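I have a structure I would like to understand better, so I am pasting it below and will then ask my questions one at a time.
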Amino acid sequence: MSGIVRDPPAAPGSRTRAGTRPSARTRGVAGIDPGRLPGTGRSLAAPLLLGVAALLLWQGAVWLLEIEPFIVPGPLAIAGAFLENLRNVLDAAAVTGANAAIGLVVGGLLGVAAAVASAAAPVLDRLAAPMVVALSVIPIVALAPVLYTMYGADQQATRQIVAGIAVFIPVYVNSLRGFRQAAPVHRDLMRSYAAGTWQITRSVTLPSAVPYMFTGLRIASSLAVVSALIAEYFGGPVGGLGKSVTSAASSSNYTLAWAYVVGAVLLGLLFYAVTAGLEKYFSRHTARA
Amino acid sequence: MNEAHSDRPAAAVEVSGVDRIFRSGREEVQALRGVSVTVAAGEFVSLIGPSGCGKSTLLRLIADLDTPSSGMISVFGKPPRQARLDQDYGIAFQQAGLLPWRSVRGNIELPLQTHGAAAAARRERVDELLAMVGLSDFGEHYPDQLSGGMQQRVAIARSLAESPKLLLMDEPFGALDEMTRERMQNELIRISAETGCAVVFVTHSIPEAVFLSDRVVVMSPRPGEIRDVVDITLGTAAARGAGLREEAAFYDAVRLVREALHGAEPAAVRGAETR
Amino acid sequence: LGLTGCGGSGGSGEEGAAAGELTPVKLQLQWFAQAQFAGYYAALDQGFFEEEGLDVEILEGGADIVPQDVLASGDADYAISWVPKVLGSIEQGAAITNVAQIFERSATLQVAMADSGIDGPEDLAGKKVGSWGYGNEWELFAGMQKAGVEIGDIELIQQAFDMNGFLAGDIDAAQAMTYNEYAQVLETENPDTGELYQPEDLSVVDWNEEGTAMLQDAIWADTQRLEDDEEYQATTVAFIKAAIKGWAYAKDNPEEAASIVTGAGSTLGQSHQLWMTNETNKLLWPSTNGVGLIDEAAWEQTVEIAMGTKNETGATIISEEPPATAYTNEYVEKALAELEEEGVDTRGAGYEPIEVTLAAGGN
Amino acid sequence: MRMGGRQERMRPARLLWGLGGVLIPVLVWELYKALGPAEGVSVGGIPLLPRTTDLAMPHTWTMLARLFAPESSAAGAVPMWAAVLQAAGFTLAIAGAGWLLGTVVGLGLAMLMQRFRSANSAVLPWIILSQTVPLIAIAPLVRRWGSQLEFGPFVWENWMSVAVIAAYLAFFPVAVGALRGFGAPEKAHVDLMHTYALGWWQTFLRLRLPASVPYLLPALRLAAASAVVGTVVAEVSIGLRGGIGRMIVEFAAAAGGDPGKPWAPIFGAVVLGLAAVGCVALIGVLLRRYRRGEQAV
Amino acid sequence: MNEAHSDRPAAAVEVSGVDRIFRSGREEVQALRGVSVTVAAGEFVSLIGPSGCGKSTLLRLIADLDTPSSGMISVFGKPPRQARLDQDYGIAFQQAGLLPWRSVRGNIELPLQTHGAAAAARRERVDELLAMVGLSDFGEHYPDQLSGGMQQRVAIARSLAESPKLLLMDEPFGALDEMTRERMQNELIRISAETGCAVVFVTHSIPEAVFLSDRVVVMSPRPGEIRDVVDITLGTAAARGAGLREEAAFYDAVRLVREALHGAEPAAVRGAETR
């Protein structure tokens, strides 16, 4: 039940017990691991081509059908607005990005800490299960208004908390899974060394869980941005991408609104890329061994 | 019990009348029944038996990774727990069980580090061990950069790190292909001779058990009992070369173990067999 | 693409009322059903639209619904929106026209606690000032600018759908509509007195008094169709007529109007709804020249502020004068004339608001 | 992930634990409210713990009592809980439609990507990117585009826009999960199908689809939660009447005078989310057979 | 090529001069070099060799799961692709590879179903096959309810479903414990004798290869070449009982294969071995 926000089952290696033959691995399975996706320039060409094609189609439609900008602006116009308002977009992105980053870090740390606690004391896990499920299904919009009241409408904190909650769930769930993932053989080994609980935690449990934590963090990364952004919708100090999008849209300046949306997309991608990179770095050995 | 043995040199392992019953929910599984066996210091003993007969369970009891339901175990005259705390044994499993985020050196170092050995001493000991398993050039590699056989050698080096007088090995070569496996067997013979430690070795393979051991303990299907103990008289470990595998004495021993293993049971398929 | 909206399909003009063949009309509001729109709901409920040969469907708004865009893209025939918001849209290319300025006065306040020391816009400097954004902020900015307070001098806070930020002290001066948020405060218990907040507890900045009021709820129509489509022109007159009748009904029967709105699906509490009806009435009545007639001076003031007031990003609502098509009194004059003929009071010279007692929580 | 018989048997115990999990937060809430400072706890200007005023943190019994009071003072008003449940049901229905649409689209995309490797690398980054576009930017667009649609008797309704927006969030986990699941069969199984001279479609039906079930179920669960979030946001965004989202916004305004009121739709939202996830769990039970692999291997 | 053989009974498998080079990025791996081998109809041939020498690759080429870089392969005188489309062979892998969501019956039925056999015919054939592998009582069980040996028997039944005249097996008993393994070998001998099909059998185990085969093909490390072909003259398959494993002739054959396998290569550890 607590696996609501879980990434599909783990990377290769954890499933098969006998799958240690090199030949069984070199061939790999068909399909991809989205976790390792927007890696480096491996196959940037194809998605870029598709993107360019889509943009051309869009721009063509805007031209040919003479669509008014207040219905759908064309990509060229959006790009123009983006460049023209670069300062404002960057300022807004900085506000939203900072909130998302703080939410990501704090929510991530708390998620890991809670997972450590739950792994150490399964009682906690069972007690937390209903809360975790509730938090994971509750729409942010439902929480944001009461959170503003609880923490103060003049604070960025509420947005950070909203982002933090969104981050907490996947990080907690994945980390907990990671802590349970520590191979029994490794636990036995440490026990045979007469190692203490802390030594076992430090040498085996934590490192085994690290890739899982980062998987959770990657899933959470764009959630953090989107959540921080939606929270702006419900209050807090003025500034930020969400407020800018709605503000521009409410005066029908959709070109500008989409310029801010582009900012949001780039910010989301940045967060995703950074966490995906971290994930890749931290699972460079574990993924294969 | 330990007192009784204190005046003569303690056996490496002494197991007497051990039962192990697993309870999970309503079910009860008797894994071991009345198992008694003694491993002398420096002796190489293999445990062989059908899958699920309790070989691993017995090994885990000796290593104090599990406790018997009844019966007594002593390791070098001490309770297993004390032996574990004193690091009297090293252990290796079927899966090499290396920590993938540590280099080869880091893995071998692990037990030393856990016990707070100084960095310099650790370094020296690891170099020694790397040389012993022929991996001096691979200290900085990571497990995923090694072949299965090399990983298993690292695991053996790790189990030897504290210079234990007892080595516990649970199918350490089970995942290797036959050629690598034979090579590893040769190495193990050499190492156990060099270090003079006693070995309790779990395996499925009759030729492997015969090639390596001074004695082969044959176990019956669950509930695991000791069905027979076959003494192997193929000469000292140091004298066993690769050529041994082609000698008639070797084949005779293999046949003896096979017969002990298959026992009274007919070789035909048991249709109702389930896990 | 675009098959709807060409509303006046087979209507038989203004005379067709009796014939039963009604012209379908969609009206896009700028928020959920509430007494702010009491006149339209009353007109619907009382059959005024039907009398004019119209089959009106009222479309509620939402947080991201921009009524003027719904109108401009042909998904509605008329829309209710604030003039300054629409001026921006017109500059972005939305071809729509103000055909009736229903609200004559602005309802936007900036509310502070009486002891906060905020008595006018000049006192806002250094304070935490709330605003909803969404184009609701321009009067505030204009008032501040007029009083010499720059946006950089205040801490601008995005206000939520509630007044909690103000009540909790996070916002020193909060934006409030007389008919809604102001009442929300008065429905709340004052922890100091244990009673509901009283008007004396609050200090109110009214933009009507500060001279930076802008025109609010107006009926907007599609410019192109007004030019090309005679049927639409007739429908527009009919629509304005019925709407004004509805508002007149609300003036005379505020209790009934409030319950009509509640019946239309508003979940606001009873006393709150009645308060809103009453306050909204005050925005129309008494009417200087007849409800809906666009006052040139007020329009000019709105346009002037729209061109001269900068928001936090340094942008103004519009950069040049709106086109001449942005408003016209042609239809509302016709409507008023016809109403006069029918004996409907379109000025409400003797209008007296009722007294509404707010209950806790607006219930 | 594993749901062996062991867990099945533990149900009653799990329920008890769950109850504890509900009671403890209630206790913590009241305890903090009783002991915590009214202005909350801030460190260096950063608020760490919330305010404890009745406005910020109403008593749990205030919230509970509000649920059993009539929704409004109007004559014939139903109790709050009934109104909330009705709204939750309304939202659930739309979320269900969105979930279904999202699932179909997600599965379709995953099939496309599984079938054509080039499609895979070209489409997947865009799928990830799509989720970084804020909903609030899309909601009005969807409504506007939707309202342009009209074929014959079919008229686009606002609730359909909401469902489409829900689907926009729901399709993502399904696409990613299904793609992973379709790639999950062991090489040996794929080879086996090849030796049976089966085409892509047959291989898909007999191997990839059933093999993907263990991956698909968590994805569907996540999609259900996302669909609920999407529906609620979209309800606010385009102002659809009848659901929890609109109720949240409308009731927020009453917070000052009626502090328990805004919490009612929040509980509704939780119930709603749990119901959605529960429905997917039901699917999991129906597909039990295809989850044997989780225990075997 | 097929023409050349059309007038005499086609061999089950004919491989001549086959190379297989894998390219991945800039790297090139030559898995097979100039491999030629013929398997007569009804003949049992084992492939043995060190890990990575290309045994699986060769089997996959025969099964048309892969295509040679150069050289020719024919299966019953046809190109492998045709043989595959005609379902001329059955195949079994190291992991039993049963579909966990299908019952035993469902698994065995799978190939029949995909080729549109009628339900009644399918039922009958599956009953027959279940009886053949001694699992008649387990048709409605699911794979996870079976032991490893039973699963492997199901896989064999499945590979026999279409009554192929050729069985390709890639280490089918690799994951089983020794006792189960020996039992499965006895069964396989019986089944192959009963059905008279040719078998190409990949294994790592010398005794297994010797026990089962008419001929053992010994391959060299990568790039895989055929180093030697050892004829085993232990009598017809039908005549090979469990007792055979204890006979001197058996040990002689084992030694022969071992020598062929280890060849000129020293038995010492190659320190620089990597994957």
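Letters A, B, C, D and E name the chains as they come in the text, with residue numbers starting at 1 for each one.
One rule holds in what follows: a contact is a pair of C-beta atoms (placed from the backbone, for glycine too) under 8 Å apart; a residue touches a chain by one contact, two chains touch by 3 or more.
By chain, UniProt protein names: A, D = ABC transporter permease subunit; B, E = ABC transporter ATP-binding protein.
These numbers come from a predicted model, not from an experiment.
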{"item": "Chain pair, A-B or C-D, that carries the greater number of C-beta contacts", "value": "C-D"}
{"item": "Most distant chain from chain B by Cα centroid", "value": "C"}
{"item": "Interchain centroid distance [CA atoms averaged], chain A/chain B, Å", "value": "46"}
{"item": "Chain B and chain E: spacing of chain centres that average the CA atoms, whole Å", "value": "33"}
{"item": "Cα-centroid distance, chain C relative to chain D, in whole angstrom", "value": "36"}
{"item": "CA centroid of chain D to CA centroid of chain E, Å", "value": "50"}
{"item": "Chain E, residues touching no fewer than two other chains", "value": "51, 95, 275"}
{"item": "Residue list for chain D, restricted to those that touch at least two other chains", "value": "51, 55-56, 136, 140, 144, 186, 236, 252, 255, 262, 297"}
{"item": "In chain A, residues with contacts to at least two other chains", "value": "17-18, 21-22, 71, 145, 149, 152, 155, 233, 246, 249"}
{"item": "Complex interface listing, chain E residues touching chain D", "value": "60, 63-65, 84-85, 87, 89, 91, 93-95, 97, 99-101, 110-111, 114-115, 142-144"}
{"item": "Residue ranges of chain D in contact with chain A within the complex", "value": "1, 14, 17-18, 20-22, 24-25, 40, 46-47, 50-51, 55-57, 114, 118, 120-126, 128-129, 131-137, 140-141, 144, 176-177, 179-187, 190, 214-215, 218-219, 221-222, 224-225, 228-229, 232-233, 236, 244-245, 248, 252, 255, 262-263, 265-266, 269-270, 272-274, 276-277, 281, 297"}
{"item": "Touching residues (chain side chain A, partner chain B) in the complex", "value": "17-18, 20-22, 183, 185-186, 188-195, 199, 203-204, 207, 210, 285-286, 288-289"}
{"item": "Residues of chain C touching chain D in the complex", "value": "1-4, 31-33, 60-66, 69-70, 73, 75, 160-164, 167-168, 180-181, 184-185, 187-189, 191, 196, 262, 265, 267-271, 359-363"}
{"item": "Footprint of chain B on chain E - complex, ascending", "value": "50-51, 134-135, 137, 145-150, 177-180, 182-183, 186-187, 204-207, 242, 245-246, 248, 251, 255, 258, 261-262, 267-269, 271-275"}
